[in-house]
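Each structure below is given as structure tokens.
Consider the two complexes below, in which chain A is the common component and chain B and chain C are the respective partners.
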Partner chain A sequence: MDVLSGLFSFLYQTGDAFAFLVLSACGLAVIFGMMGIINLAHGEFILCGAYVTTSAVQMGLPLPIAILAGALVAGLVGMLLERTIIRHLYSRPLDSIVVTWGISMIATQGTLILLGSTMPGTGTPFGSFTVGDYGYSVYRLVLMLAAVATLAVLWLIFTRTRFGILARATIQVPHIAEALGVNTSLIYSLTFGLGAALAGLCGGLYAPTMTLVPTMGAAFVVEAFVTVVVGGADIFLGTAPAAAILAVVKAGLTSWQGQLAGQIGLLVAVIVVIRILPRGLTGFILRERA
Partner chain B sequence: MHKPTTSVLAALGTLLALSTAAIAQEGPIKMGVLEDQSGDFAVATIGKVHGIELAAEEINAAGGIAGRPLELVTYDTQSDNRRYQEFMRRVLQRDKVDVVFAGFSSASREAYRPIVDQFKGLAFYNNQYEGGVCDANMIVTGAVPEQQFSTLIPYMMEKYGKNVYTIAADYNFGQISAEWVRDIVKENGGTMAGEEFIPLGVSQFSQTIQNIQKAKPDFLVTLLVGTAQASYYEQAASADVGLPMASSVNVGQGYEHKRFQPPSLANMYVTTNWIEEVDNPASKAFVEKWRAKFPDEPYINQEAENSYIAVYLYKQMVERAKSTDHDAIRKVIAEGDVCMDAPEGRVCIDPKSQHMSHTIYLAKVGEDHSISFPKVWDDIKPYWLGDVGCDLTKENPEAQYTPSDNPMKSGG
Partner chain C sequence: MALRNSPIAALRLLEGPQTLGKGPGFWGGFTTIVALACLYPLFADGYDVGNNVYFFNWTFMALGLSLIWGYGGALSFGQTAFFGVAGYAYGVLTINLGDAYGLTFVSLIAAVGLSALFAGVLGYFLFFGRISGVFLGIVTLSVTLVLERFMSQTAGPEWAIGSARLNGFNGMGGMPSLTIPWPGGDIVLFPDVALYYLTLAMLVVVYLALRILVNSRFGNVLVAIRENPQRAEMLGYDIRRYQLGAFVIGSGLAGLSGVLYTAWGNYITPSSMGMSAAALPVVWVAVGGRSDLTTTLFGTLLVLAGFQYLTIYGSQYALVVMGVLLVVTILAAPSGIFITVGSLFSKGLRRRLKRESV
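And then the complex of A and B:
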């Protein structure tokens, strides 16, 4: 019984860390992996998703629909930004860092000025359950399922839909895709919008469990970047396995020595991976296959 | 008819010119205000700026300080220690302010304090903190551990048991406060079930929650700082931790009981020197006055009251010293009777430490997040610094002492 409850606790903690890493990193990985844009406004798309979700719940919408609304609004805002600003920066990756950083600061400060320093939370649904000595939150299991479901849906989108195939074609050889009649500019918009919507989804999913403040995006950004850096450019070969490895490192160290050790472990893992595998896990896996 | 009018006018003109010259010579009293109006701490600190603005407006409407208007020079320090250093240099060197009101986190205070010392400035730190600053260039109106922990921890141990777990923000405030908790628990015959320090900015607490459940403490001391860490309460409630909690910083600063859904903060006990729920006539009048000027204020917290009081205390010091000169002000403080009737009750500045006495309210958060006050301690003095040998009327070490590092320890 003790062994079982210990095992469950380890799986739960690892799953919890995995969900957080996957959900925070997905949007960033799509935008970076597909388009080569390093999006420093990633946290603010998460903020957007969280605020929209919370407002929608307060207006009486059920939580799942509110979360989808959050993702949708973040996605639309992302497409709008892509049309007006980001598309001029595709051949200028360094400039895109500065510009998205600027957007991030404007969004944070704008939220503070327009909506105030904080927003009341909606409370976490579903209550708790007990295994052995420990109480657990049911909603955290929902988050784990959501992370796995998000990966599955993304995989279906990129391998089984027309959009996915066109998107991959556009990213690989843009001028041939264009010559074959693909509306590449629309594909770029949609891909950026998808990345932003994934960030919004993350914000919406975590909104009931967190403090809602204009700077809340910052809580996700470090983990998101760490996961994408370790993972490399591909979501399925990179982000997902990276999140799994980092989750084990983080949950193990945090349970052994506390939060500080968990944070240190995460960053040390990044340094080690970048030193040994400069192209992240994606590069490692692809080379193995070749 | 014509001639006398001219001469009267001329006389008036001369008079006006003279009086303008007199005012120009004196000019306004300039007060630097460095507080975090954006960033991670803004939730708790925007009210401090409002408190200072409210007091300044009242004072100016009533004729200023010793007849001179009070002018605020306000900068947003963005919850960033480097901004504190930049702006502290700017207000002291370029704006040449007479006094500075500055700082929320202890990290930011320790970042700017050497600059205040370097330029012999005078700074008010209107925030509760881990205690121990023995520096004549600083006046502290916030509450300190002997006021907040010496009251709270024994009360909690008597009520809930002697096995205590602390989770604290991992920087000087959390580390030194946790040391205080540890010492007081030991003095009262209790044990520490565990301690965990959380880096600022951490927002996910699943594993911490489990570590706490594993240790099975009787109650939990939460010294969490910043909005990211406040996520702990929601996550602990959803995992049904259900432990009584004690804190010196939560509720009184970040009004978590208003921001989170009940019952995530139920059974939280906080020692605070004032919050807007305090129920006495002076406090009610203060809240009413505040709401008239700032109708959208989400919550009037402890540090907002401290900041408001501090402006009036400064006014009193300058008027009694007949100058904004730092040494003259210290002489007034040394008289030992710089006191006022504040919304919380009567407060006085202690000459040895330049910290302030407080009425300490034990606030209990109920199941529905309403606040009750099971206990009130009147006139708790900031005695600890004096006890360990800090006497700013005699010498100015410009240091910060802790329970394990102070003149008494190194002497004995």
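And then the complex of A and C:
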């Protein structure tokens, strides 16, 4: 019985870490995979999703709808930023990253000025259950399901919808796609919006479990960066397996030495992995090793 | 050819293709500015002079970032990691060793060396793994954020090295200032006129040394790598070594900033490695014009002065203004304000601007 409950505890922690890595990274990965831009304002889209979700819950909306509202608002803000600022920098990808950092500074400090240093949270729903000697949160299981569902929906979007097919055409050869009548600038805009909405979704899903402060985005970005770096450009061949592997590393180190050790271990693992696999798992799986 | 490696030949590299400013006009202006900076303490209160050393402390990190990013083309968003490592190292060393016999300067050198070593190890994995520009930025940024979180949780008494408590989120204090051993009483460099002259001298030396470095063979290869890595590699240069070299030197300079800052305020906190701290050097260097040492230096001092002014008169808006400044600079003047404004008056700068915007 002890072995079983220990095993369950490890699986639960791994699943929890996997959900966290997938949800925090997939928005970043969609934007990076499509446009080659790392969105340093990613944490602020997460923040946006979390704040909108919490406000909506406090206004009386049920949590699932509030979370979708958070994702929607973050997505719209993302599209707006793409239209006004990031659009002008596609010829200078490195500059566009620096610009997103400027946006991030404005958003974090702006939130602090407008909404104060903290926002009352809503509390985690669903209560908990026990296995062996330990209690576990039911909501964490919901998050794991949400992570898997998000990956499934993304897969459907990119393989089964017209948007997905046009988007993949645009990544592969932008000029030909344009010549064939694809409105590539709209595709870029929608993709950036999709990435931002996924960040907002992550924020909304985690909002009930965290303290809401303007710098909360920073709690997600390191894990998101690390997952995207290990994963490489493709979300299904890269991000998802990377999240699975890193989740085992993180859960193992966390249960052995605590939360911080998990994070440090993650970073060290990544720095070693990039020395061996410069293009991430995507490159390894596609046998494009340089 | 006999003179090739002599100091005189090195001095000739003070001006060259990789640095703006040449001829009697520029050096006349340079001498005037240095002379004015030397005269400044005569007309000001010692306390104000000591406070203004604060501005100089940061310029080393900015010049280092200019070398890595502006000249080498590698985005390093985590220079504050080296700043923090060196700052904490200085604190731990001096608290344990004390300030007698010039040991503070030994600690300074050791702390800068440690940050350079750290940069060497990290840079080995990054550059020899051939990490592309984007990933380099986010890995270095992740390193500094994780270091911040690590130092923030060192509050307990078990986190001590020798007699130095790390003190977690509140930061570490109580380390001695830089102290010059002197017969008949050591000279302690509190933030005052003496420290001002020392820091100014270091700044002038570092600035001139970097000018020589970027105009040397090393600097020319570095710029060639920035312009086109494949071409540089095809011409037979091992680009990984040059980029690693620039990264280690630039990070050592960030470490020097960290030590000087810690010794100046007798204080260092984990938030000096956090997200907004890491963003500020990027703003200074981008606004001034990262691809030249002189514009970087003036841009940094200008933005720092503006930031200080805003912090005094409307503290919470300072970071918003920095963010706006960064966005506007990148959109409207990607080569930095000095080169963009200067190009209205100078043909040479117009050509340079055209070259850079390609």
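Just so it is clear, the second predicted complex is superposed on the first by the 287 of 290 C-alpha atoms of A that agree within 3 Å, B and C clash if a C-alpha of one lies under 4 Å from a C-alpha of the other, contacts with A are read in each partner's own complex, and residues count from 1 in each chain.
As a convention for this text, a residue touches a chain if its C-beta (ideal position, glycine included) is under 8 Å from a C-beta of that chain, and two chains touch if they have at least 3 such contacts.
In this text the structure is predicted, and so the values were computed from the model without any measurement.
Look at chain A after the overlay: chain B and chain C clash there. Judged by the touch definition given at the top, the superposed model places A:Q109 against both chain B and chain C. Of the two partner chains placed by the overlay, only chain B lies in contact with A:V213; chain C stays clear of it. When both complexes are overlaid on chain A, the residue A:P93 reaches chain C alone and has no touch with chain B.
In the overlay built on the shared chain, the residue A:D133 is in contact with chain B alone; chain C does not reach it. Shared-chain residue A:L11: touches no atom of chain B or chain C. In the superposed pair of complexes, A:I165 makes contact with neither chain B nor chain C. Of the two partner chains placed by superposition, A:L145 touches none, neither chain B nor chain C.
Once the two complexes are laid over each other on the shared chain, residue contacts for A:Q263 go to chain B and to chain C alike.
Where the contact sets of chain A with chain B and with chain C meet, they give residues 108-109, 112, 215, 218, 222, 260, 263. The residues of chain B lying in touch with chain A in their complex are 38-40, 42-43, 46, 170, 196-199, 201-204, 206-211, 213-214, 216, 227-228, 230-231, 234-235, 237-242, 258-261, 264, 296, 298.
Taken together, the chain C residues at the contact with chain A in this complex read 75, 77, 122, 125-126, 128-135, 137-139, 141-143, 145-146, 149-150, 153, 274-276, 279, 282-283, 286, 316-317, 319-320, 322-327, 330-331, 334.
The touching residues of chain A, counted against chain C in their complex, run 32, 36-38, 40, 85, 88-89, 92-95, 97-99, 101-110, 112-113, 215, 218, 221-222, 225-226, 228-229, 260, 263-264, 267, 270-272, 274-276, 278, 290. For chain A in complex with chain B, the residues that touch the partner chain are 9, 12-13, 16-17, 20, 108-109, 112, 116-118, 120-124, 126-128, 130, 133-140, 208-216, 218-219, 222, 251, 254-255, 258-260, 262-263.
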